[in-house]
Each structure stands twice: as C-alpha cells, then as structure tokens.
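Multiple structures are listed underneath, in structure tokens.
Each of the next two complexes has chain A plus one more chain, namely chain B in the first and chain C in the second.
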Partner chain A sequence: MKYTIPKEELVHPGHLACQGCGGALAMRIMLKTLGKNTILTFPACCWSVIDGPFPYSAVKVPLFHTAFETAAVVASGIKAALNRVGDPKTNSVAWAGDGGTFDIGIQALSGSAERNDDMFYFVYDNEAYMNTGIQRSSATPKGAWTTTTPVNHPKATPKKDILAIMAAHKIPYIATASIAYPEDFTRKLEKAKEIKGFKFFHIFAPCPPGWRANPKDTITLAKLAVETKLFPLLEIEDGEKYTINLPKKDKGKPIEDYLKLQGRFKHLKENDIKEMQTFIDKKYNRLKILEEISQ
Partner chain B sequence: MSKQKVMMGNHALSYGAVVSKVNVISAYPITPQTQVVELLSELCSNGALDSEFIKVESEHSAMAACIGASAVGARTFTATSAQGLALMHEMLHWAVGARTPVVMGNINRSMGPPWTIWSEQTDSLSQRDTGWLQIYASSNQEVYDSVPIAFKIAEHKKVQLPVMVVLDAFFLSHTSENVMMMDLDKAETYLPKYKPKHKLDVNEPYTFGALTTPEWYYELRYKIQKAHENAISVIEEAQSEFKDMFGREYGLVEEYKTADADTILVAISTAASTAKDTVDELREKGVKAGLLRLRFVRPFPFKKVREVLSSAKKILVLDRNLSPGIGGIIFQEIKSAMYNESNKAPIYGFIAGLGGRDITTETIHNIFEEAEKQDPKNIIWMEVKA
Partner chain C sequence: MKKDGDKIIFENAADLPDMAKSMGTTRFNKTGTWRNERPIVDTDKCTGCGICWKYCPDMSILEDENGKAAIDYEFCKGCAICVEVCPVKAISMVEEEK
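Our next item is the complex of A and B:
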C-alpha cells in the first residue's frame, strides 16, 4: 500500500489537548497536507487552548487568534491582504469548533461563503461547547446529554444540518472528513488545494471527556460514525454534485454499536435508539438520492 | 499645483482613503455613511484605487476583516456610524489588543431607539475606552487631510494603534465644501508603504493573541497606555510634517481667540466651527470670549488643554452627547483635566443638539448668557421643550 499522507509534522508534540482528542489529530492531518505555506485563524475553541499559552505555540505556521464569531471573515481579510501585500498562493485557513461554526460564527461564515472568498474553512465538530465544559450547541445530536441538557431533559432537537446550509451557498467544494480515515481526508485536501474559492470541511472529532468515552476509543468511535452511516464521508461540488465516499455498503452497522461506547447516550431507551436509527437511515437515503440525481 | 474639488464630507473621507493608498477596505452600508462605500466601490472597480474591497455582511465582520488584513501588513480602512459602530464594539477592543493600525471613519449619528439618523457624538464617545485614537473633524478639508495623518500616526512604531476619524452626520457627511486635493506622489512621500515590525508571515511564523496569563497581560495593557502617551509627540510630528508638505496646519486642539479670553467655550466637531461666529460677535460687543476645540479626544491632550485654560475665568463645555446618569462626556474629561490645576475657574456643563437638533449661533450665545446668570452646574440643558 502506498503511503499517501505527507511525513512532515507541522504540529509540535507537547500541545495541551486532552487524551484521545479528535480535534488535535485533525489539525495534524490537515497541516501535513496544506503545508507550511498556510496562515491559520482560530476563534475561541478548544484549539485556542490546545495551541498553548503565550509564549508557546504548538503549530509551526503563523496563527491569528480572533473573537468567537469571526473566524471566517478574519481569514477572508487575511486572504485579501495576501493578494495585495503578500503571496496570493498562501493558504488562508479558518479552523473552528462546532460552536464557532454552527452557532455564533454562522453569520460571518455565510458571508465569506457567499462571497466565495478563496480560503479554507474547517469545522472540527465535537458536538458541544467542550472548551467551556460540555454545553449543548446546535451541533449536539438529539438525545445527547450535556451539562445544559441534563439526562431528564436531553437535547430535544436534531443536529443542525450544516452541510445543507453550506451546499445552499453553492460554494465550489464541501467535504466531510474523519480522523479515522486520514487517507480520505488527505485526498480531499489535495483536491481542495487546486480549487479556487470557498472550501468547507466538516470534520468529525470525537471528544472523550465530553462524550464520556474512553480516550482509547477515539478512532473506533470516528470509524463507527462512518460505518453506521451517522457521518458518511462525502463531497459536494458547487453545492449540487454529491458523491458518497464511505461507507461503501449501504447497509450500515447498527447505531447501538456507536452509542454504547459513550456515557452521553447512556440514558437512552430502546425506543429513543430506534428513533435515532430511523433518522439516520432516512437522512442517508436522502443523500443517496441527491447523489443519484446529481451524477 | 493642488486641485480643488467641491465635495461632501463622506467623499472627503473616501478620497482620504484613496490618497492613503489603502490595500484592503472592508465595509457595510449604514446611513449616513453610504456614500463613503459607494464611492470607494466605484473607485476600486474602475481601477482608480488599487485595493481589495471585502463587502461584508455586517459591521462586526467589517472590523474583523480589517484586523485580519492589517495583521498581514495591509493598510486597511473602513467606515461606519452609530449602530454599526456599536456592533463593532468587541472588535474595536480586538484591533487595539492586536495592535493593528486600522483607520476608520465614523459618521456621528444618534443611537436608537427610537430610529434616528441625525448627528450626535454619543456613538463614538462611548467607544473611548477601547483604546482607539479619536480625531473629531470640523470641516471636509479636515476630514480629507485627517485620513493620511491618521495612518501615519497609527502605523508609527511608537503607536501601532487604530485611529478613528470622526465627522458629524449631515453637517459634514452630506454638506459640500471646497477641499484642496493632495498630489498622489506627494502624499506617498508623506505616507510611505506600511512596513509592520511583526506580521503574519509564513517565512517567520508567529502566533498572535494566544492565551496570556496575568503574568503578562498586565504589561500589555501598560504598553497600550504608553503608546497613547507616545502618540502625543507622534501626532505633533505627523501634523508638522503635513504642514510643511501641504501647507495646512492642525494641532491636538484648535484655539480660537483664547489667548486673552476670560470665558472659554470647549467643544468638538461642527458645533465648534459654529461657535467661532458667536465668539466673533461677542468680541465685537467687548466680551472676551474664546473657543477651544478638541481635535483629538484620545489620546486626551491634557497638556494643551491645561495650557489653554490656565488663565480662563470661566470654562464652558458644550456636549452634543450624553452619558445618562452623569451628563456630558467632554465636560467630565475637562473637569478631570483641570482638577489638580492652580486655575480653579468654574466649569459649566451644557448639553445641546442631541439627536441632530441644530446648534445655532443663538444657542451658543445663550450658553454664554446662561453662564453669566447661573452658578456652575454639571448639566445645564439648552432648549429643552417643556
């Protein structure tokens, strides 16, 4: 098998991520492929801590920390400046959590996407405000426990469909990616590098402390999310052309396999799980139809 | 030879950005600022201005984009007003903490609700604690000249802070006046390309704004205060160089017949230019009146203010703004500037013209008269309907 992931490490060891952090691994893979000619923008998110306090930094590229709701537009500003006073080939990368993307950052994100600014936007989605201590976000799935959705009142509404929102912007490239499938992630990054315009990546990033899971299960969880069709790996080009990369088989593993490794779903009853399975199947079937009609 | 052009204050602001050869503009439309962005869009699209224009979805994003672009080393400009400025508030602090020398025009407009579009200074004065330098103009020429001057100060290595150029809604923004235009090459000699000491550069990667513990944050704040103190001499140098090159003179403050004045009125913006007429009329009647206009409100020109007011027998402050619960903002600042001075002249606080109501020469006459009739008060309301 050919090794497709670049060997150069642009994340230093000794960063401050928790054990088994999906977000930390996602950064490692992303920077390997986008390389040194990259400027990062972080809003408030786990990575504002993971990178380390002044005077330390865990990344070997320039990094600008910004306010919670501004990741996309600061990266837009950086790109505009690179076009005038820098190297227009430098990648401008916004790197945000789900809170900074699905919630507080969605206005600026929509603005940058609508203008089709030539940049990358990555959301590493751990499905809640983990940095502040596990509060629900609009990326938290229905039924999940968080500190603001206690077990007697778990999250009552489904996770916001960020892909549909981004697809509606008709941006040239959208991809989902997983830390359990680094080759797939790398291939998509290589492809996106060649595309001018707004590139959006939705990365599934398990969070052992927030999901009440064992750090050793991070990769297993990320893999199960794909195998159960909860988080299919896919690409959307120009907001219209859907391609499902994984899972290969339409019949996925049962969602219980994924749920049982996490304390945040421990309170769910059989019926809740059944409902979740139906939701997943329906959503996946809809994706299959979108794929079929767009080919 | 310099060209003369008749233009409204908003266009003076736009041409100020042109003559400063800004690299990146990011703005969002708001009345009464719209002509600023309209003209800049047109000049960018026809090639007269070689800049990127990011047409953002909000003022919050306008300021955020400017900060990002400035951190890469681009000269950046935006303009807004009232609600837009208030929406930017968080990022105004960010621009200061990140030490990004963004220059912004703010058209003074009253804050809603109720909806209003007319002039008042409460919008920009309520941002005075963010750390932005603030210039208040009283003519379109001053608006135009203040943009390159603002960049020169902002980008100076001893300052490295953002600057706001502030003008009154309608009284300047939509009023046409003669403006002497600068020659572009000469302007570039005055304001060369921006070369930051630190920037986002892949060849020399740095992290900006990382989590900072109490061990260091305190000193960063200290440095911002020091930069404001340094700015006083930087401003004086920048404006003296401007006078040498373009012949127009600006100070930290503007003094009008203050040297022998018994009663000095302190004001900002266009109300101050109206007051000059009143001062002349009073002088004709033998009243020793004078005017002190603050051109800079931040950094606060303590030394200059104290010097000018040192022999006044009465100090009157006119505020077209209100900090409810305490009164006029400039009044508070003048009072605090004079507290430890040997001149214990009474200081009167006058409020007038809120919500864009006219401040006429008659209003200002009445202010001088009230000060003769009354003991000093923190708030004397002019022309309030019963």
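Our next item is the complex of A and C:
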C-alpha cells in the first residue's frame, strides 16, 4: 500500500465518534504528523465524548479534559510548565470544536494569541454544537437548519469570520485545512512545527448526523467545500501575508453541488442559493485581493 | 483492579485510582457491531493506492500480505467512505448477516 501521510497511528479504533465523523479523521491526521511528543487539551466538544469514558482513552498521547472556555489558556499553562522543566520540544495542543472557539472559548483564545504563546490551537469546525444536539453556534452558516434555528426561522446571520479575527492578532501562522486534503494538512503541520509562537488551524470537518448528510459523503462534502470556494485552503503568515493554496482555479463549482447533499439546506429557495453564491464569490474575491497586495 | 481482555473492572471504591486518568484504551469497544452493511474488498481490482486507508476515520483499513486493502471488521463502523473514495471501485457494501 502507498502511504502519502505518516503511517503510525496514534488514535485507537473503538472510539465513540459517529459513522463517517470528520472530526475523528482530523484528529487522526493531526496526531500522525505532530507525533508522540504532544500533549492535548480538550474543552467540552465532540472529542471529549469520542475519547471514551473513564478509565479509557482513544489517543496514545497524554490529554487533559478541561472546561468549555479554557482550552487555549490551559494549553498555554502546559507549555509554560514544559518550559519550566526544561522540555521546550514537546508540542502543547489545544483541540476545540467551533463552539469552544467561535463562541465560548474566544476570550481565552484571544489572550493566548496576544501573548503569542508557543502552542498549537486547532478548531475542527462542524458548524454547530453537535454533541449536545445540533444547536446553532456562531460558526453556523446563514440559512442553515439546526434544532434552535428551525426551517421557518433558519439562521439569519452569516458565519463569524474567525480567520480575520485571528489575523488581527498578528500571530505568526494561521492556516485552514480540510480532511479531504490530508497531504496539504500534513505539509502545513510540518511547516508550523518549525515556527515558534501561536499557531492557529481552522479545520473543516463535516458532521453527517448534524448536517443531515449520508456518512459516505463526508469526504465528498469536504472536497466540495473547497472546490466551491466556500472554504478555500490558505495560509496567513504574521497576520499579513496571505497565500491561497486551493482551489487552483478561480472559477469554482456552483454552491448547489455542496448544498444538495445536505438535509440542513433542503428548505433553501433559489433566491437564497443565489444570495449565498454572491456572498461566497465576494468573500473569495476579497481574499484574492489580500493575497495580491501581500505578495 | 481486574482486566478482562481490554476491559477494566473496578471491584469496589478502594479499587479506584486517586485521580481520573486513562488506564486502558477504547479497543474494548468493538464498534464493528454498529454496522448495517459491511464493505467487501475485491482484491483483484484493488491497486493498493492507500486512498481508503488515508480517509478512514476508524483506522479500520489494514494492509494484507500482498499490499492490498483489508478491512478490520472488529472496528469498522460501516460508514462507506472507503467505497466512495476508491478510484477503481474495488470496495462494495453488502448487507450485514446476523
């Protein structure tokens, strides 16, 4: 068999993720590259369930379960302790969902980013509070169904632009990654390992039960999100230098291709879809301009 | 503390550790029982490209002695991602038997 990403598995099978979980795959790829020399911090998120009940664990590295709003600050503390005992090489990793990043954890995240602590922060974004029963978060896209934004009142506000918020902190490295492009993800991780300071990763992780999608379509959805320019894969260095890696062509696929695979967008009318397409094109063009002026 | 395979059994309160810590792995949890359909690999068609291995969220794609894909039925949850991503359509789903 050909192995295009590191072969060693640091996640045990038998974990409690749903069938076709994007978040579980994201963790698997991340740990493969960062390696055994890693300490994880989980706030409340899907992964605090996926990891399994006491006294079991699904990962082969030390991990620390913490409160919802404290992922970043606990990882900062672990890094400070590692420095104190003379082990600056071990990676301190905060691993949070979109609720623990966009909403509840943003204060601690902003603090750690501003102090430029030498750590990784990963947000695996499934666009709602999935393990508590699909409540909307500020990462839920406009027009999407969730249990707290029913079809008669779908979410009225657009997704929070977390990349712009993080870029405003002028941290050394920000990247977006997708589970559908593991080689791109591992390359960015290898690059980030060499950088000292705060590293932020935004990972797109489809959630079949929460998106009312078929588990087999997880990879297809993640791929389509990139190809439709909804979630372009990019890097931001020092908050200034933008590089768009994917999609390669500026003319993306129509957003319908992505929406029609998901039950949470089933109620959208033609006009809503058109509006969404304009929103995506506008956002992507803005990124293109940022890339151009920063080169 | 007793161990029954991958399972850990505490017999009474005194048996519990001083703090919550991991003492075993989730391998005790045989997620293969979640499946309704099982994936079958056609080893004649399989080219050993490793794409299904790369995308499996449950670490359930193994390598057989010829370098082809094999499924770990103990843990495979039957999500069919491997069927979807296979470039030569070498994996198919069949209904699970009781």
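Assume the second predicted complex is superposed on the first by the 290 of 295 C-alpha atoms of A that agree within 3 Å, B and C clash if a C-alpha of one lies under 4 Å from a C-alpha of the other, contacts with A are read in each partner's own complex, and residues count from 1 in each chain.
The definition used in the following text is that a residue touches a chain if its C-beta (ideal position, glycine included) is under 8 Å from a C-beta of that chain, and two chains touch if they have at least 3 such contacts.
All figures in this text were calculated on a predicted structure; none of them were measured in a lab.
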Partner chain in contact with A:P182 - chain B first, chain C second, else both or neither: second
A:Y56 touches, of chain B and chain C: first, second, both or neither? both
First (chain B), second (chain C), both or neither touched by A:K249: neither
Contacts of A:H153 with chain B and chain C, given as first, second, both or neither: neither
Contacts of A:K269 with chain B and chain C, given as first, second, both or neither: neither
Contacts of A:I219 with chain B and chain C, given as first, second, both or neither: second
First, second, both or neither for A:L25, with chain B first and chain C second: second
Which of chain B and chain C A:G14 touches, first, second, both or neither: second
Set intersection of chain A contacts, chain C complex versus chain B complex: 51-52, 54-57, 60, 63
List of chain B residues in touch with chain A within their complex: 23-24, 26, 50-52, 54-58, 60-61, 64-74, 76, 90-91, 94, 98, 200-202, 205-213, 216
Contact set on chain A toward chain B in their complex: 36-39, 41, 48-49, 51-57, 59-67, 69-70, 73-78, 80-87, 90, 107-108, 110-111, 114-115, 117
Contacting residues of chain A [partner chain C, same complex]: 1-5, 9, 11-17, 19-22, 24-25, 28, 51-52, 54-58, 60, 63, 179-180, 182, 208, 215-220
Footprint of chain A on chain C - complex, ascending: 8, 17, 20-31, 34, 48-50, 53-60, 63, 67-69, 72, 74-75, 77-81, 83-85
